[in-house]
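Input: a single structure, listed below in structure tokens.
Labels run A, B, C, D, E and F following the written order; every chain starts at residue 1.
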Amino acid sequence: MKLITAIIKPFKLDEVRQAVTDLGIQGVTVTEVQGFGRQRGHKELYRGAEYRVDFVPKTKVELAVDDSVWEQVVEAIANVARTGKVGDGKIFVLGLPQVLRVRTGETGPDAI
Amino acid sequence: MKLPTLAQSSSSGSALRRIASALGLLAVSFAPLALAGTPPTPDKGDTAWMMTSTLLVILMTIPGLALFYGGMVRSKNVLSVLMQVFIIFCLATVLWVIYGYSVAFTAGNEFFGSFDKLFLKGVDSTTLAATFSKGVYIPEYVYVVFQGTFAAITPCLIVGAFAERMKFGAILVFILLWFTFAYLPVAHMVWYWDGPDAYTDATTAATALSHGGYLFQLGALDFAGGTVVHINAGIAGLIGALMVGKRLGYGTAAMPPHNLPLVMIGASLLWVGWFGFNVGSNLESNGFAGQVFLNTVLATAVATLVWTLIEWAVRGTPTMLGAASGAVAGLVAITPACGWVGPMGALAIGAAAGVVCLWAVTWLKHKLKYDDSLDVFGVHCIGGILGAILTGVFADPALGGAGFYDWVTMEVAPYDMTAQVIIQAKAVGVTLLWSGLVSLVAFKLIDLTIGLRASEETEREGLDTAEHGERAYG
Amino acid sequence: MKLPTLAQSSSSGSALRRIASALGLLAVSFAPLALAGTPPTPDKGDTAWMMTSTLLVILMTIPGLALFYGGMVRSKNVLSVLMQVFIIFCLATVLWVIYGYSVAFTAGNEFFGSFDKLFLKGVDSTTLAATFSKGVYIPEYVYVVFQGTFAAITPCLIVGAFAERMKFGAILVFILLWFTFAYLPVAHMVWYWDGPDAYTDATTAATALSHGGYLFQLGALDFAGGTVVHINAGIAGLIGALMVGKRLGYGTAAMPPHNLPLVMIGASLLWVGWFGFNVGSNLESNGFAGQVFLNTVLATAVATLVWTLIEWAVRGTPTMLGAASGAVAGLVAITPACGWVGPMGALAIGAAAGVVCLWAVTWLKHKLKYDDSLDVFGVHCIGGILGAILTGVFADPALGGAGFYDWVTMEVAPYDMTAQVIIQAKAVGVTLLWSGLVSLVAFKLIDLTIGLRASEETEREGLDTAEHGERAYG
Amino acid sequence: MKLPTLAQSSSSGSALRRIASALGLLAVSFAPLALAGTPPTPDKGDTAWMMTSTLLVILMTIPGLALFYGGMVRSKNVLSVLMQVFIIFCLATVLWVIYGYSVAFTAGNEFFGSFDKLFLKGVDSTTLAATFSKGVYIPEYVYVVFQGTFAAITPCLIVGAFAERMKFGAILVFILLWFTFAYLPVAHMVWYWDGPDAYTDATTAATALSHGGYLFQLGALDFAGGTVVHINAGIAGLIGALMVGKRLGYGTAAMPPHNLPLVMIGASLLWVGWFGFNVGSNLESNGFAGQVFLNTVLATAVATLVWTLIEWAVRGTPTMLGAASGAVAGLVAITPACGWVGPMGALAIGAAAGVVCLWAVTWLKHKLKYDDSLDVFGVHCIGGILGAILTGVFADPALGGAGFYDWVTMEVAPYDMTAQVIIQAKAVGVTLLWSGLVSLVAFKLIDLTIGLRASEETEREGLDTAEHGERAYG
Amino acid sequence: MKLITAIIKPFKLDEVRQAVTDLGIQGVTVTEVQGFGRQRGHKELYRGAEYRVDFVPKTKVELAVDDSVWEQVVEAIANVARTGKVGDGKIFVLGLPQVLRVRTGETGPDAI
Amino acid sequence: MKLITAIIKPFKLDEVRQAVTDLGIQGVTVTEVQGFGRQRGHKELYRGAEYRVDFVPKTKVELAVDDSVWEQVVEAIANVARTGKVGDGKIFVLGLPQVLRVRTGETGPDAI
């Protein structure tokens, strides 16, 4: 199994969720994160003090998927998350030796 | 100005044959005013109440309206909304003193006043403004600043319609134009008159009437601003929403209010402040003011209950946003009526507002597919129209209303409900047309010059950081 | 109604032998009222103050109380609390106009008034309500709406006790029952009287007294609502908390307030609004009102300091929630006393409230193991009882209090502190019993029919999304 | 006290030759007071307005100022700020009643009053306080509590300067000292006088004048507290910020406001409440009050616009924090002037405040490298100084100001602008010196004993959990 | 070493923390996340517009543990986090080649 | 490639970001988390009820880096994040078989 972690632009979340659901993925876990990268942040002004904010709001989507589909899933996410503008994000793929579903105690691919 | 010299300023009102605001006090105030004698001394209780009312309208605007609106947008845009309300309030206040008061509340033609009181020329702490009781006056400065808060909150109402996407600069230019060419003339048309002391016999009454604003002469009833404030602002908002276009993602992405407790605080402060708005419009602190107060609380309570119950029945969940929206709908609808109807009329108007405004923001908006971000049209314009029409109905003494007061005979005159409803409808129509047209032209001009709409990146990022260089929550 | 026709409505008060609220004005107001002559004209300053007081009580409720409560619950339940307060306020306001005012404030028996003023029949902008000075009246509409806000805030207080777990529908049905069978009769028992002008000599005084409510006749002192509002609501809350049971996880999981700045805003608005509550209960804008004002600010400040200092000394950290709680405790305790005691009495009562209510919400609650979510019992009921008893102590002229005023001789009468404390205790007991019983029966009925408690899933998920279909923070 | 017995208390004012606050009412109030006759009855309208003003100042403080400050700090310190404001308000209120009122507002020497009214001895609901019109009085209790709110908000202002790092205990001890040795004497110096009725001819006028406070005798003008409140608090704040040192990470780490909507609510409530502050300082509800009201709203609106426009022009982003700061700057600057200048003077003062305070919090603060967390010095002290000086300029009748009123001849006296500006500058200097010195000594003493600064861990963790055992947002 | 990531129902956090502490685990890192899965979300209503909210609040617990105990830990978490109702969550187990304790610079199992 | 996850004290974030930028790292992803560990939390008091809060605010920094630099990066982070007081945090290093840059579709080290 693979654990796919995608850092995307927040307004793309719904499309990404839809895309992976269409591939039969039944679950994802989502976290609000701050990204620092090539995409510029913005400046903020508080009573004359100007701050550069380098961090940009991003959304992290994590999915455990079966080895058979991970490439498809990565591709699908990349396709819908792409705007072509800087800051579109990254997808990381990690090997995932073991998964357990808490409710049933199932493990391995059945647990996803 | 053809007012007697002792009353150095004239005053606004609602309609010629207006009911004396305190019937019980008429015997007292009836004493004919010796026109060449000493000026009347304002009652300190009236002055206290009018100052309280004025600050209540400020409370309604900042923070009330600002929070009500600010809580409803997404968190990336909350400051832009707070900022728009705050700055428009300041801008309109300054314009009011420079030329607004003069254009709205001095004699001129039926649509505009004069420039006689530019920069409040001739107004000082001793000049007076008339009320609705003969011989009863309040300090003109108090009247100036009370009316100034009306002129300041009204343009603020508009911005909710195109929240989350219009440029800050464009909004300010629009408000400058709209304030000047829509608010001031409509206020003059509806509220400018010579005051009750000008009505002594049939001849003076006719002369006095001819000085009034266009809709005043028509006999339209608008106690605290159904036409001048709500319809006026509501239609401007709709035009703006249509011209700037829908928000990115409207209809597909969820755009829930980012902070409903803020919305609730805002709605509550609107309600509390509205007592200044409505009861202050009585200009006196008397028994009739108590009736206006009661009407205001009643209509609002009923509208809230009705809106919430319908949601509960139809959708299964009575919502806090629904309750807050119902309250505002009730407040809007009772505004033109609050000094003309009895408590049972207020109950009826409130109930109607709950039904009709809920219908407007769900069915009608969905049907017509405009993106009025915060339902300025559905609540203020539709609620204002409903209130204006129903004022014509429930002002009827046969329905517990106050009817018309004849300032010459000092008696309540016969009332023709159908005729009055038609007059009310005319006043609605004139306001819709006038404000709609001014808005159309103003938005078009701005669009062609500096542009109305923020860039896509700005809109995605949020107006707060992009236009104002700040984040709401650190 | 046996009131003289010119004063078409009677008025509420605190006790027969009540101190004239402005001793300095007595010479002025003493002039015997020509009963068959022209009706007295309300002073516009009084009217202005009473309208201000009324809107202050609204400010206390929405947003004040709502935020105070809403900030203390977990974020998944904040809207449910705001909604309960908002809707109950609306509901009670409408019921008040329909039958509440009539049942509480018309002559009937010692426990209930009559249906004579259903739908405010006979009340209009010229009818008057008595104050505590002979010959001084205010517009009845103003009195109706002022008292209406008391009737509206009181049931709102209750919901804090069983926050985060009771069904919305169950709460509304309970409030309907409790408002009718507990609030109205207790208000009638304590506050209904014939007004001071009915006391001209021993005979008329005896007749007038016999028209008063049960606790009024007993001679119980309750200036602004210690029994009627706080004990009444506090015991109902306790019964509710006991009957609905503890929150899931109570005692094991931490349930800290989700937003203490909201709590602080709420407490501050409660304090500000309470001036309307307490000083408005004076019904006149005079020097005595100033004393009530001062007492209110003093007792609150001291209670806050005392609560905070004890926390600091005993626990090491003076908390904002403690300060806010201390303030409310002080406000509750001074409520029945504010018009009867001098500033030094207010200091003493405030200090006592800080100690006793802190003890109640920590030691007592822990001991008795009930889950009163927001300490309605510990603060309102216990604070109200303390205030009621201490009113009997510090009303003593020997301790700087106002003592009793004899409306016939127009002098302060001799004061028996022990006797008065016993009367106060009786009034406390009657209120506890009456409201407790009504609550018990009402909750039982609801539990057996539609059910009191939300489902476990609803409670875990939070009432906001489950019952109201909304999230507070988007 | 050498006041006539009927007016059992003297009153505060601004300056000997003060303009009658309602010129239009002079004919009415001119009637010489029969000193041995019946005491004057306070007008209920005045009393209503003064009670409203009093609660408005409370609204300014809690929640207004608390939220304005609380929103600007980081979320880990918001409760500490709310707590400081809340507790200082309570502490000062209690001290005020114990000895504050007596020390500030009874006759003594030029710097301190006496202990004659310790624990409000001799004050009751019938004693009166003078206003600025001859023969017009208000209930003394109302005056006590109105002035009490000034004494309570002023120390609260200070804490913004050293927010986020000073120990709670140290702050309370400082406030105790500063309240006693800086606030009370400065209030006495500026505002204590014998009241207008003491000025009947040249001899009585001279005697009366000799009873006034030091700066009053000098002829300094301060209508509502430019020196007493803003300069006084502002310089104390600066000294505190310097002595406690900069926050950890100041200058390198970003410390943006954690909740700008809170800041906006706070600023709005400050504005609304400030009408009580400024207009209440008129002590009467008359036409002149209307002028003060108008000045207050105008100066604030202009200052907001100017601050925002400069930011927009220079930095590219008009900010909400800038708008809120501009509003407060305008309010501060108009405070000493609001009763002395005309509306056009108010516009000018507002505009100047927008420019100068923006300069102070950006350029000046940056240059001098002090860490005044919330710009108490830049806004309150600098704004107060600006307002005090410009009061001297725009009080000139030639510039639409009110000029000086001669209480003996009952006419406006000739005005010497240069001389008055010098007097104003002296008053500024005296206040800076006095309050600065008291602060220096007090902070030093505390530093040497219990210590001023929280530990590094406490500061990193945040004062909320470390000092108060609470988190703001759960 | 293993990095265990458990997605659980928020109200189970305290019990989970207790359970792993009982096994001698000295540290965990917790994140608030939004989960999408078989468990249904709820609907929300804003002025007549009805939204389906598919995401459910979940809590993510991350623990680095020694190879010797990871199975015990996973079992303990699963046991206390289980309610038997849909949405109980998942446990992911990843290989963790290297750990460093910032304070001391220790690495490997000593650093946990 | 490696995925480095550092749990640090929040006020160290800026310095850490600067340190890795100095090593040529172009992106990081940051999450606010709650840490439980040897560092003691604090107590909270609400109307007499005293709670022990065991969780301490921490910041999680995630970086995908090339195999050639990961040790340098870990060291750099550890150096600037260290205060020497308990609670300085941990750094976890995971193998990262695959990375994809959404904007361009690049994969592997180029995508970082």
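Criterion: a contact is a pair of C-beta atoms (placed from the backbone, for glycine too) under 8 Å apart; a residue touches a chain by one contact, two chains touch by 3 or more.
Keep in mind that this is a model prediction, so the values were computed, not measured.
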| item | value |
| --- | --- |
| Set of chains whose contacts include both chain D and chain B | A, C |
| Same-residue or different-residue interface between chain E and chain F, half as cut-off | different |
| For chain D paired with chain F, centre-to-centre distance based on mean C-alpha positions, whole Å | 49 |
| For chain B paired with chain C, centre-to-centre distance based on mean C-alpha positions, whole Å | 34 |
| Centre-of-Cα separation between chain E and chain B, whole angstrom | 54 |
| Residues within chain D bordering two or more other chains | 43-46, 48-49, 52, 256-257, 259, 265, 315, 317, 319, 321, 469-471 |
| Multi-chain contact sites of chain A, meaning residues that touch two or more partners | 31, 44-46, 53, 94-95 |
| Pairwise chain contacts under the document criterion | A-B, A-D, A-E, A-F, B-C, B-D, B-E, C-D, C-E, C-F, D-F, E-F |
| Chain B to chain E touching residues, read off their complex | 254, 256-257, 311, 315, 317, 319, 321-322, 325, 358, 361-363, 365-366, 375 |
| In the complex with chain D, residue positions of chain F that touch it | 11, 14, 42-46, 53 |
| Contacting residues of chain B [partner chain D, same complex] | 38-39, 41-49, 51-52, 54-55, 58-59, 62-63, 66-67, 70, 78-79, 82-83, 86-87, 89-91, 93-94, 97, 119-120, 124-128, 139-142, 144-145, 148, 168, 259, 262, 265, 467-474 |
| Parts of chain A lying in touch with chain E, wherever the complex brings them together | 3, 17, 26-31, 64, 94-103, 105, 111-112 |
| In the complex with chain C, residue positions of chain F that touch it | 44-51, 53 |
